[in-house]
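Heads up: the structure comes next, in structure tokens.
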Amino acid sequence: MATVKNPIPTNQNLQSAINNMKLTIDNKPIDVAGGTTVYEAAKQAGIIIPRLCYLNLETLGIENKPAGCRICVVEIEGRRNLAPSCATLCADGMIVKTSSPRVLNARKTVLELLLSDHPKDCLICPKSGRCELQNLAVCLGIREIHAVENAEVSTYRKDHSPSIIRDMDKCVMCRRCETVCNTVQTVGALSAVNRGFMAVVAPAFEQDLQDSPCTFCGQCVAVCPTGALTEVDHTSRVIRALADPTKTVVVQTAPAVRAALGEEFGMAPGTLVTGKMVAALRQIGFDYVFDTDFAADLTIMEEGAELLARLRRMLEGDRKVKLPILTSCCPAWVNFFEQNYPDMLDVPSTARSPQQMFGAIAKTFLADRLGVRRDNLVVVSIMPCLAKKYECRRNEFKVDGNPDVDFALSTRELAHLIKEANIRFNTLPDEDFDAPMGESTGAGVIFGTTGGVIEAATRTACELFTGRQLERVDFQELRGMEGIRTASVDFNGTPIHIGIAHQLGNARKLLDGIRAGMYHFHAIEIMACPGGCVGGGGQPLHLGNADVIRARRQALYREDAQKPLRKSHENPCIQQLYSEFLDHPLSEKAHRLLHTRYFDRSVKIER
Amino acid sequence: MDSVNYNEREAPAGSSNGAGAGLKACQVQAIKNICQSFHNDEGELINILHKTQEAFGYLPPEVQAVVAGELRIPAAKVYGIVTFYTFFTMQPKGKYPISVCLGTACYVRGSEKIVEALKKELDIDIGGITPDGKFSIDSLRCVGACGLAPVMLIGDRVHGRVDALHIKDILAQYP
Amino acid sequence: MAIYKIHLLVCGGTGCRASESAAVVESLRASLTAAGLSDEAQVVATGCFGFCEQGPIVKVMPDNTFYTGVTPADAAEIVAEHVLKGRQVARLLYTDPQHKTPVSDAKQMGFYRKQLRVALRNCGFIDPENIDEYIARDGYAALATVLSDYSPRAAIDVVKRSGLRGRGGGGFPTGLKWEIACGRQADRKYVVCNADEGDPGAFMDRSILEGDPHSILEAMMICGYCIGADRGLIYIRAEYPLAIHRLEVAIGQARACGLLGADIMGTGFDFDIELRYGAGAFVCGEETALIRSMEGRRGEPTVKPPYPAESGYRGQPTNVNNVETFANIPVIFLKGADWFAGIGSERSKGTKVFALAGKINNVGLIEVPMGITLREVIFEIGGGIKDGKRFKAVQTGGPSGGCLTEKHLDTPIDFDTLLAAGSMMGSGGMIVMDEDDCMVSIAKFYLEFTVDESCGKCAPCRIGNKRLYEVLRKITLGHGTADDLEYMRNLSTVIKDTALCGLGQTSPNPVLSTLDNFRSEYEAHIFDHKCPAGQCKALKHYFILPEKCTGCTACARSCAVNAIVGERRQAHSIIQNKCIRCGACIEKCKFEAIQVN
Amino acid sequence: MEKIKSLDDLRKKRQELESQLRLREKSNAPESLVQIKVAMATCGIAAGARAVMNTLIERTAAEALPVIVTQTGCMGYCHSEPTVEVHLPGKEAVVFGRVDARKAIDIIEKYIKRGELLDGIIPQNYERI
């Protein structure tokens, strides 16, 4: 039939989807497995087709392919229209042209359209230099945009949250953030709203992100191709604090940062740059360079003590004890359960996160030691995370309005700061953290990966519970990349059931599973981001590449293995802190400084 | 494991989480009833919103939030739907909502002039409502009364073969 | 049971209801009762007669008298004269616009002479809210035949042999579509009726649903039997309250009779139908968007494949056909595939329903054999151009179609010829334009529609159509450049080539077809700053002929922006850059001194 | 509503209901039918045209004859009322005068069924008043 050129696939060619098939792409013959898209087939043939919206989040097992940008279109012989290569399956005998003049003209015209509805303030855009749209404009040589008088440019209110800035004027409707927020994280803060020219991704009622169910996990920022979603940048304010002679500025670095920072300087994923990072921070001008791992060990002391206390009560037959205990180090996870499980606020550990424990100790114990007034001590943290920016602003973590942690910079911001300071990072000599809050054990290091917190807690809890030295420190059963992992650890004859989830979607599944009676656990570790903090929203962009995340995790396990001390309770500086300042875990002082409360933050709509 | 008393908790009802603030209890209940009549099925969201708009006249945020809570879906999703379909409105309508057909048949027979005349007469824009809440103007695409073009609806009543010069007289029929 | 000697059929379609046909029905019934004739004459509210221009229509059977523009006040006279005394009420008879003579027999009206009613066979003939009338007209007999005499494959073969193609726009062969859905293995399959008719100026589907809802139910059941589905869904525009009501009534009656539900007519075949409402999104006429909308989501289309036949509603194989396509199915089984294939042109079989509107005398719903010429439709059925103006163009296919001109008048119209002429069949809107219509403005009108209705998912449609619209606006304001034409052509080609769904892929058609057929009009706007049709306000120039101006100052006093200057008793003049072209001065001038060009 | 439980039920129901629409079906294609027009002007009605018409309709309906009965205005034969015009397909129309119920049956039985002419035909050239 003359008008029908895109035939509906018949049973025969569906059959061929299972088998291998031969096709020709840009005159190259290629064999691919059934079910391969044209985009992937071209990649296998060494042809990278330009694309914008398409994103294969391998790690998460999810592909974002709305086929909306139409940049990756190709010409397929026999088809009336150009086909989006990302969403078109190969068929046997297909002849594909990825860069014919017809394709090039279409691709450039569509890109010109996208640019015609995009601000041209690249000079000061936070994404400049790593913006996928900008790269495309460079690659395809766009030199002018047809001028139409009074051409409308879609504009939206800019939304500043404590962690994330939404500048939707720069949105290209790739829908990656929507996919991540809904399908992966099941947070549901974002949805496509409006339609046509005014279509955009936004929270309900276009309210501020801060008033939405957003957890600030930052995974949307991590996948945004343009400057539409970016982190709140505090580098300038940190520089100002460093330049202020009245301020003493201390910095803490989270474990996951050292496994990824090198990538921003061209190093392979998983390169450990702990020593170089310390050197760089010192060179930038921080007065003291400390390690969040120290606070991670402290967290284990408190959280481990809490776990043991609850376990003991359970074994003594107390039926009211809150079990399983849930970890509380991940601020996006804390936000998530405050939003979604307001009936369960008494279940998670009350222990603050390492960042906040560090801040609280720094502004009391350390300030005292250094003889610096609280408001003259500036605590900066380097975090793989954007939710940490929100966390450090929470009122619970302020004393008389002064926050325990003043600024939380992301790994990306630190990389930028190092570049701004003109430091040749790659050739820096390794340096060590300062004492006392730079001392840490291997247990603190593995906080940066999924399963790490619970492994660290297990090392300490098991030894304290049984009173015997552990025979093996590595709990392989707690390590893995499955979205939900379950394991049992023998506590002297008592099996302790442990659940581990990373990504909030898996966390939801786990919690709903518990409610449905599918699981029974004593302890659960939850991290909001893929792979744990190594895949955090503040890390160098991994763009869904599972290998990058795996390499970062391995680096942390490597550092753990190299550490002379690997159990938090063996950290001499921690022991000293308790003896000189805190007394003992769960003491009154520890409660005041190291524990917190949770609030019902389920979304309320006010008129 | 009996000590895991966490399992004994009941999941909170969807709308106990504060959605619905600003609505009267009976209004919240009315929305819940509508949702239940569709078995709280997410797939019926559009039908549910139709019924809800029928009941409330429009779909303000607090109403959408209750629907979202009942169906256990994000409010953003409900909002995404409400803003996608032109039939749904977040603005209250006038006592006499006016809809001018801007379908092709009416367009070529001069419906634009009617819109202009209405805007001028009522001093509001399309999508607007008069300060006294009496009239609101909207446009729609084809009510299928093309034989009577140009056509305008006031409430349910169809005014056919409308002449821009007679707008004032037509409006005067509505007290 | 009383045998009525006279049936008074009153159109109860949306168009006529808007002109108070319901009151006419009441009034006729009251008059009959008053005259003691309620046992002799029956008043039936039917579906649309198609002749919407002059509603409300009352058709008197058996003598086929066609009364137009009937008001409730006319009822008494119709009863007293026609029913009682057999005398036609001459003043209510339809008057032929060309010969100015009243027509007493509807069959002699030009509007009906060339029509062939297949899909509309019951519209305006039966009471759509009475299943008995449908059954009396062989209703559900096709279903009975299929269930008793055909295997699903054999029944699909009948549809294939009939040559029926989808009436929703694309023209995909219906039998083939069913065959593909039939071949899929699944626990559950769905039959969907697409009643989301959204073309501005088109109301074919609405009229069928209002006039003959049971035929759609019957066809969906036949389809369900053929593809192995037991669920049907009708996706209908919420803007069609009457059609929704009639469908609800029909579904209720069919269920009550056991014609919907489990074990239909003892054959073991189960089928039930539910309604799903649209909510005002044109794009939901596209089948993948429609399915997403039925699932309670934003109606954004998805890439095909997978086609709905593979993965449709709730991920199950789903067959989507539009209302008019379904309306043809029962007749094909009653009269045979060969009968159907004998109507129409070589590759477009059967008839097509068009909504004829615009600058034409007989606005209404018509059904004609495929292959009829535009000339026959416009000048014979449509009765020619209104007010004796000159025909300029006819737009088919709605926002996806194009404008055809005088040179296309003798082209036989079917799926393929319209496509070849740069337009398309679409769902059947047909808008006639005369010399007063500016084709640049018409293109702008359609683009404005597309911009409003674009879902925003893909960039070419979301931004490209907006830019096309803006360029058109620029041209109508007299600011166009030669570059703009080149830019529009390239942009249109790329949008067609790259947009995700049918809406985007066809949206530039109104631009391309007007560029092809009316290029000189574009050039007049751009180079001469003139709108030949005199529609573009910004290109109008008002000026005063000094020899005619008496200096009465009436015009100057009427000018809201003080653009007219001149001393009393001396010729006035208009300051062009102040003039807002409102036309107020022309109305005030008694001496025809003010001219526009 | 009565359930249709089998294909036969549907067939029966259709047969029952068919007569309801027969009038409309017939008027769709009157050329192929016997068309009977009864003059129903005031004079006709006064002379009993209504009873004649009822007889014609009931009788033809009962026998399901291919007949369509319509009414018409005054044919001008006031002296011969009630008058009935019968138009057999392919033949000239014939007008019968002074028709009563009995004669109406005769018209059906003799003229319509068998084509036999009977008394009372008003010649076409007969003087009209």
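Chains here go by letter, A, B, C and D, matching the order in which they are written, and residues are numbered from 1 within each.
As a working rule, contacts are C-beta pairs under 8 Å (C-beta built on N, C-alpha and C of every residue); 3 or more make two chains touch, one makes a residue touch a chain.
Because the structure is a prediction, the values reported are computed rather than measured.
Farthest chain from chain A, judged by C-alpha centroids: D. Comparing each chain's Cα centroid with the centroid of every protein Cα atom identifies chain B as the most central.
More C-beta pairs in contact connect the chains of A-C than those of the other pair, out of A-C and C-D. Distance between chain centres (mean CA atoms), chain A to chain D: 89 Å.
Each chain gets one centre point, the mean of its Cα atoms, and the points for chain A and chain C are 53 Å apart.
Centre-to-centre separation between chain A and chain B, using Cα means, comes to 39 Å.
Annotation for chain A: residues touching 2 or more other chains are 192, 194-195. In chain C, the residues that reach two or more other chains under the touch definition are 281, 298, 455.
Of all possible chain pairings, those that touch are A-B, A-C, B-C, C-D.
Those residues of chain A whose C-beta lies close enough to touch chain B in the complex are 182, 187-195, 202-206, 212-213, 314, 318-324, 342-344, 347, 497, 514-515, 517, 520-521, 600, 602-607.
Per the touch definition, chain C reaches chain D in the complex via residues 1, 3-7, 9, 61-64, 84-88, 125-126, 131-133, 135-141, 144, 147-148, 253, 256-259, 265-267.
Looking at the complex, you find that chain C touches chain B at residues 14-15, 17-19, 51-55, 198-203, 206-207, 238-240, 276-282, 293-299, 314, 355, 357-359, 363-364, 395, 398, 429, 431, 433, 437, 442, 445-446, 449, 455.
Across the interface of their complex, chain C is touched by residues 1-7, 9-11, 13-14, 17-21, 23-27, 30, 37-42, 45, 53-54, 57-58, 61, 68-74 of chain D. Against chain C, in their complex, chain B makes its touches with residues 41-47, 49-50, 80-81, 84-88, 102-109, 140-149, 151, 158, 160.
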